[in-house]
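Below, each structure is written out as structure tokens.
The same chain A turns up in both complexes below, where it pairs with chain B and then with chain C.
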Partner chain A sequence: MSTVFGKVVKLILLERFGPVVEQVGSYLFQYGTNPLLYIMKYTELPLSKIKESLCILIKYNLVTFVTNKNENLANYTLKPDRILLMLRYPKYNNLIKKKFGDESEMIIEEVLQRGYWTASELILKVIERLKKNEQATSVSLVKDKFKSLVVAKYLVRMPYPKDDKPVPDLQIQDNELYIFPDIDNKILAQINAGAESMDKIPDKGIYWTINFDRFHQDMRDKIIVTAFTKKIDDNAGKFVELLLRQMYIRTMPWADSSNPVPILEIKDIIRKQETHKQLLAFFDQYVNVIEQDNSNLIRKAGEASGGSFQIFMKEAFIQFAWETIEQIVLEKYDSKAARIFRLVKSKKHIEPDQIQKLAMIPAKEAKRLSYLLLEENFLQIQELKKSNTNNGPNKTFTLFHINLEQVVRMTLEHCYKTLFNIMTRKNHEKEINKRIIVKKQRVDTIAMDMREKGAEEGQISDIEEMITPPEREILERIDITLKKLNTVELEVDETIFLLQIYLMYQ
Partner chain B sequence: MFTTRFLYGVQEQPSLQHLFAKTRAGWQSLLLLVKNQLLCRLSKNYLTTLSHVFLFSTFKNLLKGMSEETKPSVSSPNEEALLDLAKSQPEGFNNDDIKQNLPNVPITEVTGIINKYLKNGTLEVFKMKNSLFYKYKDPLKKSDVKGADSEEKVVYKIIEESGNKGIWIRDIRFKSNLNTTQLNKVLKSLETKKFIKAVKSVAASKKKVYMCYDLEPDSSVTGGAWYQDQDFESEFVDVLSQQCHRFLAQKWEDASKQGGGPLLIRNRSYATATDVHKFISELGISKVTLSIDDIESILYTVVLDNNAERIVAANGSNLYKIVNRFLPSLGIVKTTCGICPIANRCASTGSVNPKSCTYLTDWINY
Partner chain C sequence: MSRGRGARGGGRGGVTKSFNREQLNALGVGGNDMLPGLVTQPPPLFPLLDKRPVPIHISLELDYLLILKQDFIDHMQLSGSYLKLPETKSNESEIVPQVPKEKYDWSLFPSELRPKMMARRAKKVVVKDVDVNNRLKLLETLEEKQSADTTIKQEKESEDVDETEIVEEDQDEEMDDGTDYANNYFDNGEDYEEEDDNLDDGPIY
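Take a look at the complex of A and B:
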């Protein structure tokens, strides 16, 4: 938990929940777990506001609480990692949209926006929204979509209090997590038609929330599949995709390596799908090529049932982390430095003399680059002293090496800083152009208002022309800038995700 | 010795070629010299540096030593036989070996010959496992002794030991215990007599190393094909590395055009260093001739740049193939902050801050 990370968390809270929540959140970030009165004392906010903020944070599962020794009090803890995930929301939506379609995306979107909700209310809300978009829909269709999201474990049931205590102890049994409650379509339809009141929903008190782990699992798999697609080709990517899918039947999703998967199963699936003819025709060859690839991520486990294969997740992410760092070195210090970095990586420990010899870089340049990398903490140095030489100068060996985990953590910090910078800049851009943005908003609302009242086109265009052409130009530019910054924010988050997965596997 | 005398008579600095081509007798002496291994040195110089002009003084020193040894060796067949035996046993030989190899020679004559050789330094004697051993001493190595004082001998010996790697002046000083001025004088005199030479090392441009005059400096001193006058030719290496990469890429492209399944494509895109060497030589971009090993080391840089992979073939040679990376371009390197050189100094306040960062501004307006 570094300062930069804290700053990012602060900015996210500020952006999404406003200054009061941000203050409470920052306090909890800085001082860790604390009871309510302490928060009040240090933030000097009115109690009601703090309570409200904590409510909001708890609702979105950004703060957890446990009982104090005195069972009437609760200690609150911030979940900063969870807050960072808020940046990833568009990605979650997108993922579901691609996999399950619009209705499912809306369900996920609603849950993300509210933190948690009952199934019935969600379904009704989605139907309402779909109606607005003039899309045909029915209760049973949305319900089925909801069900499939639960079955696929994208949604998970919230824990609930068992007995009545001042500080509730939220619990849930493992077998309850993914059981969808019985909901009568008729009642929902009646409520939807306005014949019944909202109180009549059958699944009161059963709340659903997002299972982020499941999303991350999908994102992780996608990284692996795209990696193989990029390294070999589409067919190999497809093969790995199927291998991963078959893996889940036998293996815990976050295991370091999968249990052996029989190759014939995959072949059968390909035969049924008929989309990858090339892959089917050269199936054995592809298996051979993938297995013998120097990355060595997919290995043969045994000859039984036509050969079975294992995929090594942990190693995959170690290699991806290496490649990430290598790319950063490459972009930051150019190809020669990257060459030195990779050389040190492959040799584990290496003397400076050897670096220039093997990397074929002039002595001076090699020295400069390797010490530059040392200065920037990409390389580490190990000195070996020969102490028992009596005469002559004491000989010291200098060995370069890399501590990957440390470099990854450093890079992660750097990513947070980048996020912070981008977000600060974004706010700054908004701030300096506040006047125009506000004006634009005002004009837009007036114009919309008039349109609803049925004003003439001429009147509306008069209002719209209140924004002068130069102002329009500025607005366009701001728009582009913000879009650019938003895209990059998402992309940086991808790198963060990759590195976090690596650290998780360690 | 005709040649010897002939050389003595010549007061100018004769070229070697000129010298031996002049007289028929010269060629004959040449053959004799072969037996004494003197020609090895001469002929080496003769063959490699035809136009090389020997300084007269060098010759004088050299042949002085030679004439003393060669005379007895031709005068008696027994002596020659003993010398042959000595040469064939670089680890040394004892009296039993002599008895075995020269059974017809009376022991008194053997003693006489050995004494003579020991006297002029062709053989040296030492004790091993309680018996006397004799060892052949290369007259070449001895030749420096002539006309040199004891300090020069010591210094020469140190330099000689260092072989073709050469030795740094400071190390000579440590080993010889001579002071700097004296050592400089000795080195200068040895240098003018062409016993030793100073070679600039590539490891450190100001560091000079000394080695025997006739030795070809080791590649660690000259740097091999990649160095020209102590300068590493990084452009040359870069170009070669690019070409190697291009060759491998071409190979892969050809293979995938041919088709025939992924395995075949992969196997066809492997190239050995010999293939690449041929390609590079045909391109004619290199003015120096490159060895296979040079190409191997160039290919290794391509591997280090993550553009190729190296595997070991069944016959032990290396195979190279172009490879793709796993990851597409990363998000972090697309931002200015990801590659910012002063990221460590950046903070929300102060002169380097995200609000007024010029890098960010340029990137946004791009």
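Take a look at the complex of A and C:
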């Protein structure tokens, strides 16, 4: 929870919810849990606006509340980590699109845009959207898609109030989380046709929201699979993918290490699928190679039934974090520094003299680079004093070592800083070119209006020519810049995700 | 004594003899190393990059993600969840059409966040139902007791009076409840704040 993180959260809120919500959000970030009146006192916003923004923040599950000592009042707490996830929304969408198809993606998109919604309303909305795109649908199809999302735990039921209190105490039993309510297709069809009003929906008050953990689980698996695909080949990736799938049958998804998975099971699946012939032919070799890989993902647990393997998620992610940091050092300070970094890593604790010898870098440069890494906090030093000599100077040993967790946390801070810089730059870019951007928007709306009314092409092109060529050039340039910045935003988030998972396993 | 002092002074004065080379090296001061010159200027505001970052590989998937991202932000900015500051609202309302306010399921939110009108209306209905029934029963029992002593004519009159009373009382109740609710609402808030203040002040005295 650093200042930079706070600034990033602030900018994310500003971009999506506007200045008022942003003020309330950053107040809550800075001062922690607070009641309504304190927020009003310090933000100096009108009460109605604060209430509205709190409602919005609660709606998107960015703020939680608990009862105050006075039962009529509530204390509000911001969830900054949850706000950071908003940068990842497109990835959630894409993940579902790949796995379940367009209808499911729309369902997820609607839920993300609204925070939570009832199943019936969601289904109706998706049908409406599909109709607009002129795709064939039916109530039962969309409902089945919705159901499969619930069964796969991508959607989860919202906690609901048990009794009528001024500050509701939202709770939900574990067994209710993924139970889909009975919805009659007929009623939905009737509402859809306009024969019944929206009030008639059968599942009033049963709201569904996104289960981010489930998405993160998929994304975590994807990281592991891509790592092996890149390092070895497609077949190895497939093997790891199947291994993870079999793991879920026996183990909780976020366990540090899994229960043993019999290897024959995976072989059988590959034989049935018949897509990876090579993997089947060289199965034992692949298992060997992956077992000996330095990511330590799998380890043999027993010899029975052809051998069974345990999966070590935690160790794999420690390895991934190391590799990420090594890569960062390489890109920042070049290969010689990276070599020193790796040397310190492999030796755990090492003296400066030894670095010079073992890294085979000239003494002076080795010293400069190791001090540079120390200054940038990628290396740490530990001093050992030998105090048994009474005459002469005390001999001290200086040992370099790496505290991975600290380095990861620092790198995360760097990522936040990068995000902040990118967003600031983006806002600056928009601000200085505001006039042209607004003009472009206006011209676009007018042209679209005319097109809808069936105006002639000539008239429309007249309107569009109101933007002069130099302006057009500027617009193109802004587009390219913004696209670049947005891309970086998405990419930085990947690194953040990996490092966060590493920290989670610690 | 003077000798001792002299010796000590000599030791201190001889700059070159304070540390031997080995010690200097241990401190990191090498004899031949050039010391960095004085820095008299502030560092540049935008220092040159040491290393150029690697360009990001643009793929179709990334493009799609970008579109999704922009769509989401656009949707949020056009939705009722995007609040503008009150001052700027009048200026910008010409361009952006007024967005309908969000509808909430109030059972999920603390009641203090409800707009005032909503809160009052919701409370009133409940109070009315309960009170009328109770009151009628109470009055009926009273009536029976009274009517036992008086004649039929008087009874009729008293009934009329009672009825008007009921209506009046009901209205009063309603008004009281309405204002009471509002008062309670704000007083409680201030009470809380004062209490907290006192708590804060406590340890100082």
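Definition applied: the second predicted complex is superposed on the first by the 505 of 506 C-alpha atoms of A that agree within 3 Å, B and C clash if a C-alpha of one lies under 4 Å from a C-alpha of the other, contacts with A are read in each partner's own complex, and residues count from 1 in each chain.
Just so it is clear, contacts are C-beta pairs under 8 Å (C-beta built on N, C-alpha and C of every residue); 3 or more make two chains touch, one makes a residue touch a chain.
Since we're looking at a predicted model, the values are computed, not measured.
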Now for A:K430: first (chain B), second (chain C), both, or neither, which partner does it touch? neither
Touching A:K277, do we find chain B (first), chain C (second), both, or neither? neither
Looking at A:K417, would you say it contacts chain B, chain C, both, or neither? Reply first, second, both or neither. first
In the superposed arrangement, does A:E331 touch chain B (first), chain C (second), both or neither? both
Between chain B (first) and chain C (second), which does A:A227 come into contact with in this model arrangement: first, second, both, or neither? first
First (chain B), second (chain C), both or neither touched by A:V488: both
Applying the document's definition of touch, where does A:F17 land relative to chain B and chain C: first, second, both, or neither? second
For A:N70, using the defined touch cut-off, is the partner it touches chain B, chain C, both, or neither? Pick first, second, both or neither. second
Chain B and chain C footprints on chain A meet at residues 331-332, 484, 488, 490-491
Given the complex, residues on chain A that touch chain B span 7, 226-228, 230-233, 235-236, 281-282, 285-286, 288-289, 294-295, 319-320, 323-324, 326-328, 331-332, 335, 338-339, 342-343, 346, 353, 358-363, 365, 392, 411, 414-415, 417-418, 420-422, 424-425, 428, 481, 484-485, 488, 490-495, 498
Flag every residue of chain A that touches chain C in the complex, lowest number first. 15-21, 35-38, 46, 48-49, 51-56, 58-60, 65, 68-70, 72-74, 89-91, 93-94, 109, 112-113, 158, 160-161, 164, 166-168, 170, 205, 207, 331-334, 393, 396, 438, 442, 483-484, 486-491
Within the complex, chain A is touched by chain C residues 23, 26, 50-51, 53-54, 56, 58, 61-62, 64-66, 68-70, 72-73, 75-77, 79, 81-86, 95, 101-102, 104-105, 107-115, 184-185, 188-193
Going by the contact rule at the top, pick out the chain B residues touching chain A in the complex. 174, 202-203, 226, 231-232, 234, 237, 241, 261-264, 266, 297-298, 300-301, 304-306, 309, 311, 323-335, 337-339, 341, 343, 346, 348, 353-355, 357, 360, 364
